[in-house]
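Next up: some structures, all given as structure tokens.
The same chain A turns up in both complexes below, where it pairs with chain B and then with chain C.
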Partner chain A sequence: MAEEFLKIQNVSKSYAGVRALNKVSMSIGKGEIHCLVGENGSGKSTLIKIVAGVVKPDEGEIIINDKTFKHLRPIDSISEGIQVIYQDLSLFPNLSVAENISLNQLIEEKKQLVNWKEIKDIAEKELSNIKKEIDLNERVENLSIANKQLVAICRALIQNAKLIIMDEPTTAITKKEIDYLLSVILDLKKRGISTLFVSHKLSEVLQVAERVTVLRDGKKVGDYNADELDYDTLSFYMSGKKIVSSAFSYEEKPGQKAMLEVKNLSKKDDFKNINFQLKPGEIVGLIGPLGSGRTELALSLFGLNKPDSGEIYVDGSLVRIDSPQKAINLGLSYLPEDRLNQGLFLRQSIQNNLVVTILKKLLDRFKLLSYERKYKYAKEWVDRLNINTPSLEVAAQALSGGNQQRVVLAKWLATNPKMFILDSPTVGIDIASKNNIHNVIKQLAKEGMGIIMISDEIPEVVRNCNRIMVMIDGSIVKEVKAVDITEDELFDILSSSQKR
Partner chain B sequence: MLGKQLKQTRTTTLFILMICAFVVMSIFLPDKFLTLSNFQSMSSQIPEFGLLAIAIMLAMLTGGIDLSVVSTANLAGVGAALILTGSLLPQLGGYGEGLVIILAILFALAISLLCGLANGFLIAYIGAPAILATLGTMSIFSGIAIVITKGYGIAGFPESFLFIGNGTVFSIPMPLIIFILCALLMALVLNRTSFGFSLYMLGSNPVAARFSGINNRGILIRTYMLSGLYSGLASIIMISRANSIRPGYGSAYLLQAILVCVLGGVDPSGGYGSISGLVLGIIMLQVLQSGFNILAFSPFSKNVIWGLMLILVMVLNFYSSSSSKRPKKLKT
Partner chain C sequence: MMTNNKNFQIQRIFAQNESYLLLIIIAYSIFVTFLNPSFLSLGNLFNLSKSSASMGVLAIGVFVVLLSGGIDISFTAIAISGQYIAVNVLIASGVDNIFFAFLISCLVGVGLGAINGLLVSYFKIPTLIVTLGTLNVFHGLLLTVVGTKAVNSAQLPDCFKAFGATNVFTLTGPDGVSYGLSIFTVIFIAVALLTWFILKYTMLGRGIYAIGGDAEAAERAGLNVARIKFFIYCYVGILAGIAGVIHVSLIRYSNPTYLVGTELSVIAPVVLGGTRITGGVGTVIGTILGVAMITLLNNSLILIGLSSFWQEFFTGLIVAISVSFSSYQSRRGIAI
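Showing the complex of A and B:
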């Protein structure tokens, strides 16, 4: 291994009595690509903030370039060449690309007047260093997230970065953009610049990293060379639990009719000529990148996005779904993509969240809500889905991601749906909960529910669905049985057809 | 648990504050504050702006606001007055006083429902922000009232109509009885009907409400109609108490009603607030109000005080919510 750039020794940090980090040590070599993985709450963010000098550790020391810092200040961290690119990127959306890239340097040089030519020259040079062409005059808010990231990287490079820390850089960009980002990182490596990737997407971690440090509950599980890890061992290290995911087996019963059929459904700018069937007991995976029209299609089926043309049949009869109420009456439920905004009433109690879809069932003979029934129904679902909460009165925002998602799942299951569309059901959820949710979904399908699972994670659809539809640019480009395709083949289809 | 505790501490704080205001008034102004006539005058003032406050609270629970409550009350009052004085439908005179009064009340309530419907339509279907929609209708409704009356007041109603605003039953003022009934009814609607439940959910997150199959538009329309209805009820008490209607009457109530809502713990961004909190707020404001009257404060200085109070409550809410309400989570 190359010479060490950064060493963290026995760092601990507590917040209000909760140990966020417990004697964690790690080191990053010069030019090394290192990954820091861990589930939500494992202490990744705290560790990054300590390295950036934003958070002061309770104990331990940080050694950068053989200089030992007991109290690292943000300015020390920056002048030693550590640059953190946070998830929100911290760019100025209303300024141009050139201004964003050059601003910090100009501030550092304490220039009083703006020299536009200089701004552009600096930016152009840096962009050409990473072999990327972006219009220098474009306002940053108009760029794709991937390009924004590259701008942020350029800005970091200009400040003589020796170590670039990227916090969850791949959550919102497409496969192709991820590949580009990775090639940039490899380039940086050649220039002797180290990268610390913080992520919980395991497949990417394995693809890029040379070394991986795993955190769990504030403690370091270990450092591993990436080539000695695979998906399953890594998820074991992260969660501390052996996850047994059983494949989904679906046996088609002969003569069984489709419960949902979509014919030539089109909506301008969203999707065109969509045709598919859903039979009872099926789990159909709908996979496609962000912006492929998958969510828009789901919204159309749920009455929230009026299609321009085409037909929807439920149990063989033509229906018009123009509101969620109508969809619900037809036995259709939709677990939305954005759990926090669309799925939950964050400040309301779990109880209220659980019964919002079944108010009619809670009325007594005077047509008044019965608190007794409300409690009974809520309690029943908390138990059935193992929602881990101290009481039914806790606000939904206090729960973990996995428990929150189970609340949303439960509120729909309470309506006894025949068909269930799940849009990205396990985004941002820890591995154990993820597995639990997958098992719930498979059990529902066994009981005869028809399920459409929208996802952008390849393993998720391959392992949990019986049929997979690939959606790209508004069309379903491929439909295949899950047993007839491997994860790699699916990956190739998705990445090859992504021309943006 | 946390939410409930917080709500409880809030109501308790409010209750303690109310008692404090009461005790201070009693100590410093015992011979003027602690008198039967003062209590009777307080309890006859509470219902008017209390009903208006409930009307505003309803809109606030959805995350909106209804600035047109006083104008709605004015317009409804003018409508009722026209029938009561026989300017409208004079042929009714032959059918006896009782029928005229009932018709006048129904007419006022119908007008107020229509006003509410107009607000609801603008907000739910046109998508106008509630503050702008109701600001517009506020000036339309009061404008119509002024045009109809040409700016003059209408006075002189049948004797038995005046009982609503001035009569007492077992020495409890009639308006107070009406207010208590209306408040109880609204508490029932908010807490025990699926409409009320949906209203709270809509207020705390309209997007999630829509995704949960709640008919947001229907709920909004009904909310603003109810808000209109309560303004109409307030107008009947108002015109009966004053035995006259003058467009513009009660315009000071708007600020007070909003103040009472915020004081009573109604969240202006929607989803939170209860009738019990509101009633505590109303009583507290009324105690202060009567204290200021006894001390002979000018109406202008009262306005300054109400405005300051409104801002003070907001500031307090800001600090209490930034310190405790948002649970800080460790993010990775």
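Showing the complex of A and C:
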């Protein structure tokens, strides 16, 4: 094994009596690409903060380059070469690439005056070191997220980074950009610089890392070589539960007509020539990377993004869906991707959130809102979807991600939709809740609902859909039955078309 | 690679708001000259630069605050406080010296600015609320404690009048009328140069840009955000103090109810000059062009023969249009 750069030994930390970390040990070798994975609340962030010196551990020690630190301060961590790149990157959008790369260095040197040539030289040197070219005068806000990350990496390298910790670096970038980022990381590895990825996306973890450390409930589950892990074992280690997900079986009834049919639907810059059908009881997966047009297509079906041309048929008759209200009247529902902003009134009670779509049904004979009926409806849905809450009066923001998503689901199910478009229904939800939501979705399909499930997670669509459509750059490039394709094959299709 | 870079730079110059504004100013000047040939005389231009100097100095201050992502609307109250107190102290003490007037006015300015700075940087109150409050507090205090009586030209110490008449050089036109470049203009240029230098070549200045871009990132990068903010509001105070003295020297009349209420006409040129209202983006040259444009507009309305009440209308319109324009650009992802 390579020489160790960082060793963490028996580190524990409690917040207000709750153990966030419990005797965790791990080590990172020089030049190693290491992944730290765990679900929300597993202690990942606490561990990073301890390594950065921002949080003091209750016990345990940290050994960097054979120097033992009992009380690591932020300044020690930085001077030993540990640089954390937070999820928001902490860049200045309004300043040039050169200045973003060099500014921290100048601040550290306690400069009073600015030498612009020096700023350029520093930035140029570091960019050429990682063999990438970005226009030094460009404002950072005009860069792609991948290039922004490069700027952040350069800034870290200037401060003599030996270990770069990247917090959820791949959440908002496309697969192509992940590959690009990876090429930079591999280059750093050659220079002996280690990288620690912190992530909860399983597929990319396996693609990137050499070693993986799994945390669960503040304890280390274990260290593994990445090649001895697969999706199922990793998700088992992370959740501690053996998730048995049965594949979705759909039996087509002969002669059944499509409830939704889309013909040659196009919208400039979003998608082109989209054709597909949805039959009752089907779950059709729509998979594609961020920016492939999948969400735009869904919005068009729900009347929120007017298409330029093409036709939409519902139950065989041509319709024009130009507002969400119209979509709802036609029996469509839409679960937005960003459930916190678009799907929930966070400060309102669960009860109010649940009934907001069906207020008309709750009126009494004086056309006033009946509290009795409101309670009855809300209670019914909380029971049906197993929403875990102490009371109906709790504010929606107090719920866990999985329960919040169920509230949003229930809210739309209450309208009795015939068709349901789910945009990334399980994003950011822990594995057990994910499974629960998948079961709800399958049950709905069994009851005859037609479902379109948008996702960028391969296992999610392969295991929960009967048909899969792959969307790349605005076109559906492949349509296949789920039983006819493996996760690996789907992965290849997605990554090969990305590289074009 | 090099030529590539050059091309980029040329493109960038054309993509900038400032170049558009300059073109508009030139086109508009030609238009006005057609209607009234006396517009483009050197004498009129010197006059314009003299009468707009006080607004220009204030605008530079507002520009710096906007750049940091904040806003200051109490600067008019600070300017009039500095001016009115300076005038009264000079009268009471009998010291008839313009430097003394500047000293007092700037001290008042920096003191009041420091109050804004403290509230903004240490108590982290939103800048609009702070300065909306202090605008009224400062002005209310001035009127109740110092007084409400205007000082007319006859009572005004001579140094103001002499200062107002000072030209750096004087030319005599063919018609025998002499005109010159006022010292006001020189002060405005000096303030602009100083501000440009601070913003471009000091870490303090880069810090102001950084805070305007992302205050939290600035904090993480190790910048002393509270101290920089404190500086900004004190700086605005000093500039307001300077502008106050220029203002009284120009109109030879000190009325404590003047200036307050004209905040928008100072914010307008800054926004017009391409400074982003959300902070982080803007240049001194843009602000100067903005001041030039607004001055030009106000002046030409009279030359064209429109009532001066239209000024208010156009000022408001310009703010609305330029803010919508830059928001539209940023929404479409166009680099400005």
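The working rule: the second predicted complex is superposed on the first by the 498 of 500 C-alpha atoms of A that agree within 3 Å, B and C clash if a C-alpha of one lies under 4 Å from a C-alpha of the other, contacts with A are read in each partner's own complex, and residues count from 1 in each chain.
In this text, a residue touches a chain if its C-beta (ideal position, glycine included) is under 8 Å from a C-beta of that chain, and two chains touch if they have at least 3 such contacts.
This one's a predicted model, so the numbers in the text were calculated from it and none came from an experiment.
The superposed arrangement places chain B and chain C next to each other on chain A without a clash.
With both structures placed on the common chain, the touch criterion links A:E80 to neither chain B nor chain C. Centred on chain A, the angle reaching out to chain B and chain C in the chain A superposition, using CA centres, is 50 degrees in steps of 10. Applying the stated contact rule after C-alpha superposition, one finds that A:I107 touches chain C and leaves chain B untouched.
When both complexes are overlaid on chain A, the residue A:E32 reaches neither chain B nor chain C. Touch criterion met: A:V356 reaches chain B, while chain C stays clear of it.
More residues of chain A lie in contact with B than with the other chain of the pair chain B and chain C. Looking at the shared chain after the overlay, A:D456 reaches neither chain B nor chain C. Contact with neither chain B nor chain C is seen for A:D430 once the two complexes are overlaid on the shared chain. The superposed arrangement places chain B and chain C with a least CA-CA distance of 9 Å.
Shared contact residues of chain A, touching chain B in one structure and chain C in the other, are absent. On the chain A side of its complex with chain B, the touching residues are 15, 18, 20, 38-46, 304, 323-325, 327-328, 334, 336, 341-349, 352, 356-357, 359-360, 362-363, 367-369, 390-391, 393-395, 397-398, 411.
Those residues of chain C that touch chain A in the complex are listed here as 5, 8-9, 12, 200-206, 209-210, 212-214, 216-218, 220-223, 276, 279-281, 333, 335.
Considering their complex, residues 1-4, 188, 191-194, 196-198, 200-201, 204-205, 207-215, 271-272, 327, 330-332 of chain B touch chain A. If you check the complex, the residues on chain A that touch chain C are 86, 88, 90-95, 99, 103-104, 106-108, 111-114, 135, 137-139, 142.
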